[in-house]
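Have a look at these structures, which come just after this line.
Two complexes come next, and they have one chain in common, chain A, joined by chain B in the first and chain C in the second.
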Partner chain A sequence: MPTADGTTDDQQEHRLHALLPFLQTQSQTSLTRLYQRPSSCLSIFRLLGAVERQLVMNLLWLDLPIQTSTMSSWVTREGKALFDDALASLARLHFLSNNSAIKLGLSTTFKTSMRHAITGGGTSVSFGVPAEPDENRSAPSIDALDAYALERWETVLHYMVSSGTGQTPIKPSQGVLFLLQRSGLMAMNQGQLQITSSGFQFLLHTPHSQLWELLLQYLQMVEERQMDLVEVLSFLFMLSTMELGREYSIESLSDTQRAMLEDLRDYGLMWQRRASSRRFSPTRLATTLTSSLPPLPTATSTGGAKDQGFIVLETNYRLYAYTDNPLQTAVLNLFVTVKWRFPNLVVGAITRESVRKALLNGITADQIISYLTTYAHPQMRKNRPLLPVTVQDQIRLWELERNRIKTQEGFLYTAFASQADYEYVLNYARQLDVVLWENAAKRCFFGSVEGHTNIRGFIERRTGGSGG
Partner chain B sequence: MRAVRGVLITCDSAVKQILLTLDERPGQSFIIEDLDEFHVLVRADEEQRVRRELEAELEKNTYSMEA
Partner chain C sequence: MDGSSHLSLIIDLSPSQWHLSAQSSNPHPLSFQTFLSHVLTFVNSHIASKHENTLAVFGALPGKSSMLYSSLDADSGNGNDPPADANSYRPFKVVNSVVTNNTQKELDLIGGLTEEPPVALVGALTKALCFINRLAHPPSGSLVDEAAASADPRILILSVSPDLAASYIPVMNSIFSAQKLKVTIDVCKVFGEETVFLQQAAHLTGGSYIYLERRDAFLQYLIMSFLPPPSLRHIIAVPRQDKVDFRAACFCHKNIVDIGFVCSVCLSIFCSPVAVCSTCRTKFPMKTLQRLNASRPAIPPANGVSNGSPRPPSARPSTGMSASLR
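Here is the complex of A and B:
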């Protein structure tokens, strides 16, 4: 039963998936419609934390709701907070039937669909309809799909990373460009799209979170484009439960979902022979949307699909990156001074200048460190801690160095007639919580801009009152 | 009672000394009031220039290994 055994793996797994907060803001009606599709239920279930999943599985096969007190008596005292959090999160997703304070049970729609998802059966086509094999053309191979997805995805990232450097890489499609602009990852600057500081931060994230970040933005735009959010979400979930390398028919798709095909092709989530084709193949980007598997095969031809790590960082700030991937090289270039480049190796150093350049672009020290950690070479994994402490500390120090001064705009109130006057006004400002600095000896204080109108009004009322 | 508009700079004492020196340059005065060891009040429209010049001044204290 849900008890907290505070291992680090568990905690990492417990980190909330980016999609869940979005789902929790949706209305119960939309969510219930979404839960009519078994594939959606299964996909959301896969995004949940370990405790939530455990709870759902415990409740799934109960025909009647169970007393909430019975359930919570299984929980140890240390696990209580975790348990309550999990329940609250399930309730926000409207997984639970409404009276969860007294009795715990899954909502009927969710329960039925989830059971279907696990045991099969039912006639809903929410997992997609495989296309009849075509005798003339064979389905694309998994390798071809991987290559296609990778090419699409790297085009986007490469376009972003080189937008400021004057190079002209291949442009992604108009739809992708629009999405990048809307999400604030790129912005128009002198008639050209330029990467923004959140764009730089985006580049250092893992492919999985990058993908979801863009998809979330896509979901935000759905209503403006007068598309049905439930249709869009359920299509994404359908894709995420599909089998890589298999062709699916578009017959069972709704109009909204057919309209999405073009967008998803652009992002590299699926492949079609022609735009008018009656069938489509999801790529690895799509089928891993709700799983913990890496969404992209490693680009390097070394074949080791599992280990993504390629960076060796030494205590002397030297960095060796075993990669032949232009995108990874370009990303490293954001915060590393590259010294030599070989066909499969980039050698550089983390220097004050290179880190400063990154900081100026809006990248934080923590992001650099987490990128280096994520992509550390397997050889580095033997080290405890993973990255040399000297280098980590120095990167943080370089960041602090840039923040030697803090500035706040506001007003200095001074030349008070008497100590009582000063204290009276100061007290009022304190109540508003706008005092940034004060000095009783000099009888003056500094208040933020926001508080000024109030303070001025207060003083005017007071002087007006005493005058009259 | 008087209210003076400005920007409050919070800094360490070393940086404050640099700010005081910068302020003494002819025709470039920006400090409205020297509040205490860690705070100075400067003119709001000069904030960006002050940041730039402070940056340049601090930069003189570092050296680079790059040839």
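Here is the complex of A and C:
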């Protein structure tokens, strides 16, 4: 997909993973505690950019720190800026030992754990203790886990999308509702939870970034709930290195982590037979946490088609969506005028009204376009460019339309006694660079608020001067 | 640049060469066991770098080649499923145990031979290319995710055996297919003398060829030079060879020649002027042959990159044989 995906790749390249800024604000002590666990090291390592990853690997097996200049000789001249950025970012994560200006070396804790992660061994038990196989009940199948994760996740999204429409979908658990409210995705309005404009934007994100957005909020709340952040993070990272379709025992978990089980069950990150069960299975949502291309549970529900894409968009603005999924239909409804609905097909059109409605909800044109790109039908993938240019341009134009009128406060200066008077004041205002509009024939001009005191003073001095 | 990447690793499993390599008379003896543990660490680092990275390992054995591991069908429990362990990341453990077991199995199979045929490097290379081609063209309707299809593929050859002159043509053909598939071929010469063909393979596909000098630092060599995927190499510079031996092997005796004679019709290379091209059956005029024979140096340069005296150009290049300067 050179055209469509090429651009998204570039964006990813410059975008830091959402978790990294959060980690960088943590204290060195807590990060060092976190790095004692090989699974955390491995997961954070995977969230890094490509250059950072390579640098970590270069340093991993060195016993002594090496000169920074030696390492930088491995970098091409064009890559120097990226290399420096990468070093700075690693230092902020406290991956590097302290004197990184002269000599480069990984911090001892991180190095030990990362080596253990790569080669195996150690006694950290950080990759999860597998549960003993149970003769009576077999472990849940991967399909069952996928279905469970999907059902949980879609409940949340569906609740969000239909909150304003008067429908009453299944309510997610209290914990999820609280999280949604805290993250500003939904807000209390007349006694009811209503989706906010950032909530609308959230709906159009990829499932992967949605998940991280919620988890970050969860992490922000951790301290209020008096949980140990390091425990929480290391549990999340442990989940991300677990194997799908395998049962793990809760024996080795700390109290904090056991308390998290319930929350994670609500989000669909893991499955337990009963709340009191001694074992749990991570779902695909959890095991793909550190991958950038999320092979999340299939977006279409019962259609059987495993493809992510289901949207066909034509140059005449008509849109065909092969889906029977109420959530997808509801999301489409945000910016599409739906004409007909069939058991497996939704037909609609992108119209000025529908797009304006979306824009009023706070969704941007780029978000609409990227949603359409992400979920384009495989048939559409043959097109170059992927989406019809006319439609893309028109959606952008509709967005610009809203920005046609720009308001600015100011003062109108009028009724000048003579042309010379007018020009004199106007020249002064021009020097201050506060003239927004002028009309010589009517002898009036409009100046911004900032310049008003100056201009008034100038006129007063002048009239006062001529008067006296 | 931050997409997933595919690595096909080709390990040269020539028992005799590994025996020589492990001898303590070498400046830095490297036994196969140590080598394998370093390679597995390297391979784990590749998988660690990105969740979506894919891997295939091929072994070039005497007289045959075989696939030791592929991340496509690794998940299916095929008997050698290691027991789960809370202290290690499962994918790493699976790779380690599958590669070790399969290598052991293959090496046991060849144990009984008295005379060791040369290693089937070309077979392994071709298998690796076919594998990459399969990744690049997933059958329609399959569930192979696009991540694997768009991966930026490369092949790393860890070679210990000397060049096999007879395999010049197949190696060249593999290089051309690799170029077409946009596959980078990296070569690490772990033991033995430089190989001409693999130098050319790395050079022509934009890969890097490294002759391992400090074999005690094998892992560090691997990680610093061969771990960055090709897309990253415009930022992290990896060493490339500055001198490439471009000599070719003749088609008639499979010798590596300093001065070859090239058929002007089909570009076949011969070590001496011939009357009829064995590939395309073109007949060459007697006069040309005589002139070319007369102009051959009496004693061809023994070795090294040839810089022989300039040959007089053929009078009639359209039907004659021309001497090539390599």
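In the analysis below, the second predicted complex is superposed on the first by the 381 of 468 C-alpha atoms of A that agree within 3 Å, B and C clash if a C-alpha of one lies under 4 Å from a C-alpha of the other, contacts with A are read in each partner's own complex, and residues count from 1 in each chain.
We adopt the following convention: a residue touches a chain if its C-beta (ideal position, glycine included) is under 8 Å from a C-beta of that chain, and two chains touch if they have at least 3 such contacts.
Source: prediction; values computed, not measured.
When the two structures are aligned on the shared chain, A:Arg246 is found in touch with chain C, with no touch to chain B. Once the two complexes are laid over each other on the shared chain, residue contacts for A:Gly184 go to neither chain B nor chain C. Judged by the touch definition given at the top, the superposed model places A:Pro21 against neither chain B nor chain C. Once the two structures are overlaid, the count of chain A residues touched is higher for C than for its counterpart among chain B and chain C. In the superposition on chain A, contact is made by A:His452 with chain B only, not with chain C. Of the two partner chains placed around the shared chain by superposition, chain B is the only one that A:Tyr413 touches, whereas chain C remains out of contact.
When the two structures are aligned on the shared chain, A:Gly120 is found in touch with chain C, with no touch to chain B. In the superposed model, A:Met57 makes contact with chain C only, not with chain B. Applying the stated touch rule to the two superposed structures, the chain B and chain C interfaces on chain A have no residue in common. Only residues 1-12, 15, 32-33, 35-36, 39, 41, 44, 47, 51, 54, 58, 62, 64-66 of chain B touch chain A when the two sit together in their complex.
Residues 337, 351-353, 401, 404-417, 421, 425, 436-437, 439, 442, 444, 446, 452, 455-456, 459 of chain A touch chain B in their complex. Residues of chain C that touch chain A in their complex: 1-4, 41, 44-45, 48-52, 84-90, 92-93, 96, 143, 145-147, 150, 219-220, 223-224, 227-229, 231-232, 234-238. Interface of chain A with chain C (complex): residues 1, 5, 9, 12-13, 38-39, 42, 45-46, 49-51, 53-54, 57-58, 60-62, 74-76, 78-79, 82-83, 116-130, 241, 243, 246, 252, 288, 290-293, 295, 306.
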